[in-house]
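Each remark here refers to the structure printed beneath this line.
Chain naming follows the written order as A, B, C and D, and within any one chain the residues start at number 1.
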């Protein structure tokens, strides 16, 4: 199979369920909404070593936010309801409430499952209830005026671990293709790339160091292609990147996979696109490249 | 006292000791070094609710990095040696090693106190020792080639909690002054602003909610100025921001305080600059504004 | 009249006809499309001293460009057909064809009036015709591959000089409001702000220097408010900015005026919004603030 | 010859004399200084079709500008003294004086040759002389306060047309190397890259179209490598970019050439570096790669 002259592997990505929460952060301008969103979703690439997975879903136009200011939608993912609640509370308290001019709104008002994120006690009695754009919020006096926040957020059973691999002649080609893929995925609602580009693929466990839960996936390493039996790096490939996608549902990941691969294959020097799975042992969700790309 | 026409409070900032670690992150270009540095220092505004405090110290010119590529210096701060080691390990493993084209180098080669940050087992036996720019590193095969990293980092007893407050006529004036202060501080070596701008000052404990360890500092809140006895918000002030500075030593915080206040007072609409302390009960370090500014 | 608590003057902007041409510039990524667009629309704030007026209209999603790559739409305005043709030719030849990976496409395929922009002779015989996304283009071999370009562009009789004035307590408030206005206008199709923010309003001629075709409009200068009879600067205003808008038709300017003013009035410290006219002597187009804002 | 594993051609760049003028633009923050500098140096890639050549030399720290605000140094180049004076006047009047919060200062106070850039008549009698940081300036009342400007600027006989060519396996590699080269050159004082990256090399005249003063340099075009006798594109090269450098003297161009090539050769996928000359017929300045790189 080929797309824009690039060979596409007849393979599928495998993913697993995960709780997802969307928060809309607004601020006096997009720059400061991005700043708060970036701080709140930092140290959150992979649930293996980070407290959660998180990233920016996309910009929300001022005309569509409850307070009419520029907004950024962020997504948080974690394996348990207790963990996601704890992470959303801590990250909003430490990394959003503290930031200039921010307000936060529930990004999943229709979700049945809910978590409470009670920050208003920070107001020490000076806080009060305030309706903003039809949302029941708390207004907390702070140094730059009032922090406005909803305190009940929807969560849904989402999907973590959607993915595809970009293989290029050299690092610049593969990296520029990965950047283009991430840019394209930013335009797809319902998903985000927490890394956003992964340079170090991993396998479960280790052949040499039994104490390691995960080690480099040598079959995807171009520099040791000749030393590794069963290397999956095709001849002429000098660099590989993985794009990992978490989404609120299967559709968003399918669309993101399609948009990301189409963008990546437009970059000169890209040789091969594939996806990662564990033979069906990891999770119930499968994203088949042939089907998604309509090939 | 006045500076550039802005009233300066005859006051001092109070700060306390904290372990500091500097890591130099290089990449194929500055954009990707910044991306790795930002991810690695996210969710790290305040040690109260975040695992550590961290931020970007500044850019390191390619001519001054061990591998001759563009670099970003980041600083991590934590209260204990065990905690700082754990945080540096996790953040380098999850948020730097995973990022495109990165390498990491010890940013405090002369420090006597050291921590081991052993990531090379990730190589599963394919890793090897490699000297880069006179540094003993490990090369770990990954998908985009080799991750290069030193594995022993200096730490020093630094200073956390340096600070000053910017008070302006309105939010835009105070915020633009805070931005200018942070930009100026970025040019001072040895320190960083983890937030970087704080919109929500806090006091220890609470008057109303006994279960809260910290609540809003109502004396710095312009919107409730008339309701709060002993408000510290001068008449005509509509917004207050705090700049919190962590540094590797006292001098860096003094210099940063000076550069930050000088930059802030150049912005039209700024009314008052002060600093925060707990009457000397918090920590051994005092940063006197009069002395620092030479007034 | 008030909007978001800001007083709106019962006044109108006056504008005049001007030829408009839209060019879609695509590139390997949005960064390089922006670079080419910025170079091509530089030195083009005001037709008084610049060869033309030009600016970025907005981003065009890859899914909507003829070659499926990220695009930027730019608009050029000039008073005569000969002048606009000459400027589009020179700016595409010098500032787009020369830039990495660019292609250009006609942004007004339905316009009846057309200009030829023949660049293909640059190929010295190696050029050839090529259809891209249904567009008849020329492919010109250059150093980074092929430059792709349509060579016939639509032009329409547009409108230049739409405007409104933002008055704030101080420079930071007025400037942040102007930035927000420009951001909001970037989301409105069919128009652009060539400056994008004007800090120096002018009047026709001079009271003191007869050789000057235009001089500062002292009635809008806060620093000499007390010296100028009939100053239009209200008390408490420390800074004024004008947003000038050129559009392909009246509707785009009306929408941009509405979006820009709404965004500006959301910024704290804004006191007054008005518009500029010459009592109806300048041009046939009037943009009434009361009507546009529905007040 | 090789540098960082990349083959370096034993060749030289040829350049010619040109008048150079440096202007320091300051503003309330670096963002707005960059905006003014970008507008003022737009439509200025090549003197062949643009009114002049211009670009950003680099940032000037607030501690080193006359008014203590963040600054950007820009350089203008033109073939005649009349032309450079005219261009500096028009570009400062239309693209700097009009921009928010700007001030301009002479960037060559020691130069013997001087040009007058009288903008103060715009003040219509409200202007007045004001000393700022030891510089004799005019203060002109405008809408956001006062525009501050020196009105006499030094010019020197500089050098235009310094250059080198980067050849890579594919567009991403060559483009990323060109970006790195330009970033490195931004750190060298005294020079700028007006394009900044050239994708379309040209030769004087045309073989086929006698009316064309310049056409594509087919010998540097990878896509027609097999059709062109004497092609200078080595096998395996998919993309070529030229970096053109204008400097205030020969040394700045030599240093920029060195820094740019060193940065470019660090990018994977780069195959060959050379320089462009006309056999010594163009100009008196020669920049020999072997000598400059110390090979």
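What we mean here is this: contacts are C-beta pairs under 8 Å (C-beta built on N, C-alpha and C of every residue); 3 or more make two chains touch, one makes a residue touch a chain.
Because the structure is predicted, anything quoted here is derived from the model rather than measured.
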| item | value |
| --- | --- |
| Chain whose average C-alpha position is farthest from chain B's own | C |
| Winner on C-beta contact pairs when A-B is weighed against A-D | A-B |
| Interchain centroid distance [CA atoms averaged], chain B/chain D, Å | 36 |
| Between chain A and chain B, centroid-to-centroid distance (C-alpha), Å | 26 |
| Centroid spacing, where centroids are CA-atom means, of chain A and chain D in whole angstrom | 40 |
| Multi-partner residues of chain A (each touching 2 or more other chains) | 28, 145, 171-172, 175-176, 238-239, 267-268 |
| Graph class of chain-chain contacts, one of line, ring, star, complete, other | complete |
| Residues of chain A defined as touching chain B within the complex | 28, 32, 38-46, 48-51, 90-91, 93-95, 97-102, 121-126, 140-147, 171-172, 174-175, 178, 195, 197-202, 206-209, 211-212, 214-218, 220-224, 227, 238-242 |
| Contact set on chain A toward chain D in their complex | 168-173, 175-177, 238-239, 267-269 |
| Residues of chain D touching chain B in the complex | 28-30, 61-62, 68-70, 145, 176, 179-180, 183-184, 187, 262-263, 266-268 |
